[in-house]
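The same chain A turns up in both complexes below, where it pairs with chain B and then with chain C.
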Partner chain A sequence: MQEFLHGTELLFTSPIGVSIFVGGLLGGLVFGAIPGLNVLTLAAVLLPFTAWFPAEHAIMLYGVIYVSGIYGGAITAILFNIPGSVENAPTAFDGYPMTKKGEASKAIGYAVTCSAIGGTLSAILMMFATEPLADFAVSTFGPIEITALIFFGLTVVAGVGSRSLAKGWLSLGLGLLIGCIGNDPVDATPRYTFGVLYLSGGVGFIPLILGLFAVSEVFIQSQRMATGTHRKPKISVNFPTVSEFWALRWAVVRSTVIGWFSGILPGVGATLAAFLSYNEAVRWSKTPERFGNGEPEGVVAPETANNAATGAAMIPLLALGLPGGALTAMMIGVFNVHDMDVGPLIMVEAPDLVWILFSSMFWASLAILLLGMVESKTIVHLLRVPFTLLAPGILVFSTIGAYALRSNIFDILSMFLAGIAGYFLRKSDYSVAAIVMGVILGKIGENSLAQALTMLDFNYLGFFQEPVSAVLVVAGLLTIVWNLTRRLRKYFGVNKRVTS
Partner chain B sequence: MKLISKIVLGSGLAMLIGISATTSVIAAGHKKPGDFPKRPITIIVCYGKGGGSDQAVAALQGPASKIMGIKINKVNKKGGGGVNCLPDFQQAPADGYTILQHTDTLVTKYVGGAHNIHPTKNLSPIITSNIAPTGLFIKPDDSRFLDGGKPSWEKVVAYGKKNKLAVSNINAEMELVTMAKVEEFFGIKVKQVLFDKPAQRYGSVIGGKLDVLMEQPGDVIKHVKAGKLAPVLAVWPKRFGVFPNTKAIGQDYNIDWQPLLRVRGLWVKAETPAPIKKYLEAVFSEAYKSEKHQSFLKRKSLTIVNSYQNAADTEKSVNDAIKTYAKIFKGMGRKVRKGL
Partner chain C sequence: MSRRRTLIEAAGWLFFVGVALYFSFDFNEPLPGFKFGAAHWPHVIIAFMTVAAGVLIAAQFLKGRRIEGQADQFFDEIEEDIEKLKPRTVAMFILPLLWVFGMHKIGFLIATPIFIFICTWLMGVRSWRTLLGFTSCFYVSLVLIFYKWVFTPLPMGAGWFHSLNGEIIGLVQ
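Right, the complex of A and B next:
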């Protein structure tokens, strides 16, 4: 506690420190909200300038932008179906339908509160249990366990956002297939590239989600305008009530734990946290069919988890020198700029630096709550802009986002193709959420699968020999069986009623 | 409210001052070819963030950016053992604004036929900035490999003769061939598990999921200093100065083999105008010699071998490496590109 207070004192007694804290907070929110310009872009832009700051301020700045950037992407995901970053993609699954139902303010309220809760709990965990948790993570989760974890996550995806289980599975399969396009991650064998250079690098994820979410939505709403069925979303500025939050307490607890776990696994981070947490929300829900149609828990789960992963991602970085995700890997560069190597010795050699980081992440999480409460009352008024003006704006915004990442014109083409495909898929009740989850989980899982199989001498039964992976694989298989029986029972129940 | 607006204004000003101060520092001494560079330069790194290649570029990024007076962006594109970054580079114009950072893997993957970019015909080297030998590391408290409480290569060999030794490695031929040679020299059985992300590669041994890590000493020295990894063999004629108690294949086991080296350098497309290539070579050579970069090399133990080569020497070394690897691959029965 004394160290935390000391870190807080270091942070708030220096005017430069306060300026950097506030600048990082606002910078993260803005960059997180703009597709294609996520928090990593800001971190990369700032890296050379960190040499001008004292080491503790430079490291603190990265902690703050990480926290605020992860939250920032939720706003555009909820209001316009444009996830600012990959970690916010699951937030759009239910956040945008809530906006369409006139509950944008509530959705933002859930997102901001849960981001703050996830981030704060994560910062507390980071302060108290950095070393033991880091050791636990690397000794418990290797490629075999991570593969099993991804399998466990995939088993529930098929049930998200589609009318029938078959269409859910087909959507997931399509996602996995899209994830396979390009050179394979191990031997660089070209797959489905048809000799096209652009495809050998794989389909860019940002253009894909912009196309499937934002562009297809513009097409659907435009069609409704043309046919006179378009309805302007209702605007309300109601923040969720305490009892509404209380009803979701277990979702918050579960998602925080998932966020912690994903964050402390080296090389995994907030993206997996958000997707797995959304999946678990569906798995544990008594009404899973509501997900994808504006279920508040669908916003609460990913936003709690992706922010819970931020502090947790610092744990392997500080305790072992192993970055939990892309931004924490970039922080190694910040340490190097100041002639330091991050790792266990940093806790002994530079405790001030570590504690200012811990306390800044804690206060940044709380500051988000304040900023977000203001945002939930103000930013929703953007929805008053007529659709005829909003639609071109969304398309321009998305085009810039798709192009900004690699300055590649084909990314724009990919985005529009994904938009057209998304339009037809959504019209036919396929699940774009399952497609997106198939792409992201498939990409992470493929690497782990290749490594796991080498370790197991290509014996698939080996997954049952390691206790953690065995539990996860069995739980995944049970989920498939449970999903199938539940749907079959429903199907036969309906048929029986129709016959009688 | 006034206080908040002052703080916000202050932070904005702090950023603006930082940006303008950096962009105004333009070192003299290098004649710019026309108006190049008038916008930021991008360096594509073919491996994950936080690894040796990423750190090598980060160490040059600041000094080179200062010299040119423009920003240098770093983009990591991992996967395919260093091949999946190439399509992005190929799609960029040959104007010097997109630079490729690559390793000896650029050569080995060409020799093995994994890509068709000739490293000196289709590309032009700018400089080589890292040359490093390789070593093997274990978890310091792994009782299977300790003798009298100290890491023992003999114990690792004894275990490897009875069981398959699980080695955490990068998907690069230099390491794969080196490990295959170690396997052959010591008569052990090995399975190599390949990782693109350095954190997972190191974590798998620190966490006890795999037995041995193959890596360049400088990339893991912080883990060694922190007691999370311990060196157990230097794949080098002599013991490394930084790990004097760790046995070396030449000095301690009389193995007469010229070890392969991890080489990292910068490249542009061959069609890039010659004055731009010359300018970039001069800039990055000066950045290499800067105090900041030299301190990085020292801290990372990248001084075991002279890490610098200019464009001409790099071109010669790369052409030699193509022949050497073709010979090694043929000797090992591995696939070799036609005509080599």
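Right, the complex of A and C next:
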């Protein structure tokens, strides 16, 4: 506690420190919210300038940007179906349907509060448990367990966003297959590239998300306008009530735990945290069919988890020197710029630096709550802009977002093609959410599967010999059986009623 | 959704996985460090999708009598009203593809105002004042944000247009 207070004192007693804190907070929110301007862009641009800052301010800036950027991406995901970054993609699954139902303000309220709760709890846990938890997570979760974890996640995905189980499976399969395009993770053998250089890097994930969500939405609304069935979203500025939050308390706790453990695992981070947490919310729900149609828990789960992962990602970074993602890798760069190495000795050699980082992430999470409460009542008024004028805006911003990452015109082309495909898939009740989850989980899963199979001497039964992976694989198999029996029971129930 | 339509969809998926399987033999060799080879994972997915397409077909034949006004609650449940594509929507599909082509040739700076204008018109705005006013305001904001303040690299076009765009950007900055 003393160290935390000391870190807070260092943070707020210097006017420059406060300015950097506020600047990082606003910068992260803005860059996180606008597609094409993600926090990685901001972090990369700022990296050389950090050499001019004192080390504690430089590292604090990155902690604040990390926290606020992840929340910022939720705003556009909820309002316009444009996730600001990959971690916010599951937020759009239910956030945007809530907007269409006139509950945008509530969705933002849930997102901001749960981001703050997830981030704050994570920061507190980070302060108390950095070393022991890092040891546990890194020693327990190897490629075998990560593969089993992803298999478990994939079994749940099929139930998201489609009313037909077979179509959910097909959507998931399509996503997994799209994830195979490019060089394979073991030997960089080209797969489904047809000699096209662009495809050897794989289909860009950001263009795919923007196409399937934002662009296809513009096409769907355009068709509705042409047929006279377009309805303006209702606008309300109701913040969720305390009782509404209380009803979702277990979702918050569960998502914090999932976010935390995903954040600790090197190379996994906030993206898997958000997707797994969404899957678990569906699996634990008594009404899973409501997910994808504006279920508040579908916003709460990913937003809590992706923010909970931010604090947790600091654990392997600081304790072991292992970055969990691109932004934490840049943080290593910040340490290096100031002639420091991250690793177990950092807590001894530079405790002030570590505690200013912890306290800045804690205060940034709380500041998001304040900013977000104001924002949820003001930013929803953007929806008053007629869709006829929003549509070109969405297309132009999505285009910039798709292009800015790799400066490749084919990314824009693949985004629009994904948009056209997304239009037809959504119209035929296929789940674009399952496609997106298939791509992201499939890419991580194939990599760890290859490592796991090599470790298990290419014997799939080896997954049942390790206790953690055995539990996860069995849980996945049970999920498939449960999904099938649930549908069969409904089917026979309906037929029985017809016969009687 | 009609049984015929679903069966056509399932057949389409089976054709798709057949094509994916055919092309997977291009990279089916065992690898030095991984004896299953690069095609192992795609083959697992193809098998999974074949089962899923089979379930989609089987569900059509397993379906019992439908209750009037109530959806059948098995694998493929809800009647989906797929309305015919309107010409305006088809134009909305084509316009962005033309814009991408235009961006590649004449650059983002020149192609974008034309795109914004036509897209707004296609979305149903017919007032010239609104069309011109919105296009110019939105375009100026874009230029200020992405060229003046954030320096985002955007397509510059080819040949003579590349130099022209460079000069315009120089003026803006």
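Going forward, the second predicted complex is superposed on the first by the 497 of 500 C-alpha atoms of A that agree within 3 Å, B and C clash if a C-alpha of one lies under 4 Å from a C-alpha of the other, contacts with A are read in each partner's own complex, and residues count from 1 in each chain.
FYI, a contact is a pair of C-beta atoms (placed from the backbone, for glycine too) under 8 Å apart; a residue touches a chain by one contact, two chains touch by 3 or more.
Just so you know, these numbers come straight off a predicted model, no measurement behind them.
By the touch criterion defined above, A:D457 lies against chain B but remains apart from chain C after alignment on the C-alpha atoms of chain A. Of the two partner chains placed by the overlay, only chain C lies in contact with A:A166; chain B stays clear of it.
In the overlay built on the shared chain, the residue A:S285 is in contact with neither chain B nor chain C.
Of the two partner chains, chain B is the only one that A:F49 touches; chain C does not reach it.
Of the two partner chains placed by the overlay, only chain C lies in contact with A:T227; chain B stays clear of it. Of the two partner chains, neither chain B nor chain C is touched by A:N293. Once the two complexes are laid over each other on the shared chain, residue contacts for A:V218 go to chain C alone; chain B is not touched.
In the overlay built on the shared chain, the residue A:K427 is in contact with chain C alone; chain B does not reach it. After overlaying the two complexes on the shared chain, residue contacts for A:G333 are found with chain B alone; chain C is out of touch.
Common to the chain B and chain C interfaces on chain A are residues 184, 186-187, 450, 454. Residues 15-16, 18-24, 26-27, 44-45, 47-49, 51-52, 135, 137-144, 182-188, 197-198, 200-202, 266-267, 316, 320-324, 326, 328-330, 332-333, 336-337, 339, 341-345, 406, 408, 410, 447, 450-451, 454-455, 457 of chain A are the ones touching chain B in the complex. The residues of chain A lying in touch with chain C in their complex are 36-37, 163-167, 169-170, 173-174, 176-177, 180, 184, 186-187, 189-192, 194, 215, 218-219, 222-223, 225-227, 387-389, 391-393, 395-396, 399-400, 403-404, 407, 409, 412-413, 416, 419-420, 423, 427-429, 442, 446, 449-450, 453-454, 458, 487-488, 490-491, 493-495, 497-498. In the complex of the two chains, the chain C residues touching chain A come out as 1, 9, 13, 17, 20, 23-24, 26-27, 31-36, 38-39, 41-42, 45-46, 48-49, 51-53, 55-56, 59, 62, 64-65, 67, 70, 72-78, 80, 82-83, 85-89, 92-93, 96-97, 99-100, 103-104, 112, 115-116, 119-120, 122-125, 134, 138, 142, 146, 150, 152-155. Residues 4, 7-8, 10-12, 14-15, 18-19, 21-22, 48-50, 54-55, 58-59, 61-62, 65, 71-77, 79-81, 83-84, 86-88, 90-91, 109, 114-115, 164, 166, 171, 191-197, 199-200, 202-204, 206-210, 221-223, 225-228, 295-296, 299 of chain B are the ones touching chain A in the complex.
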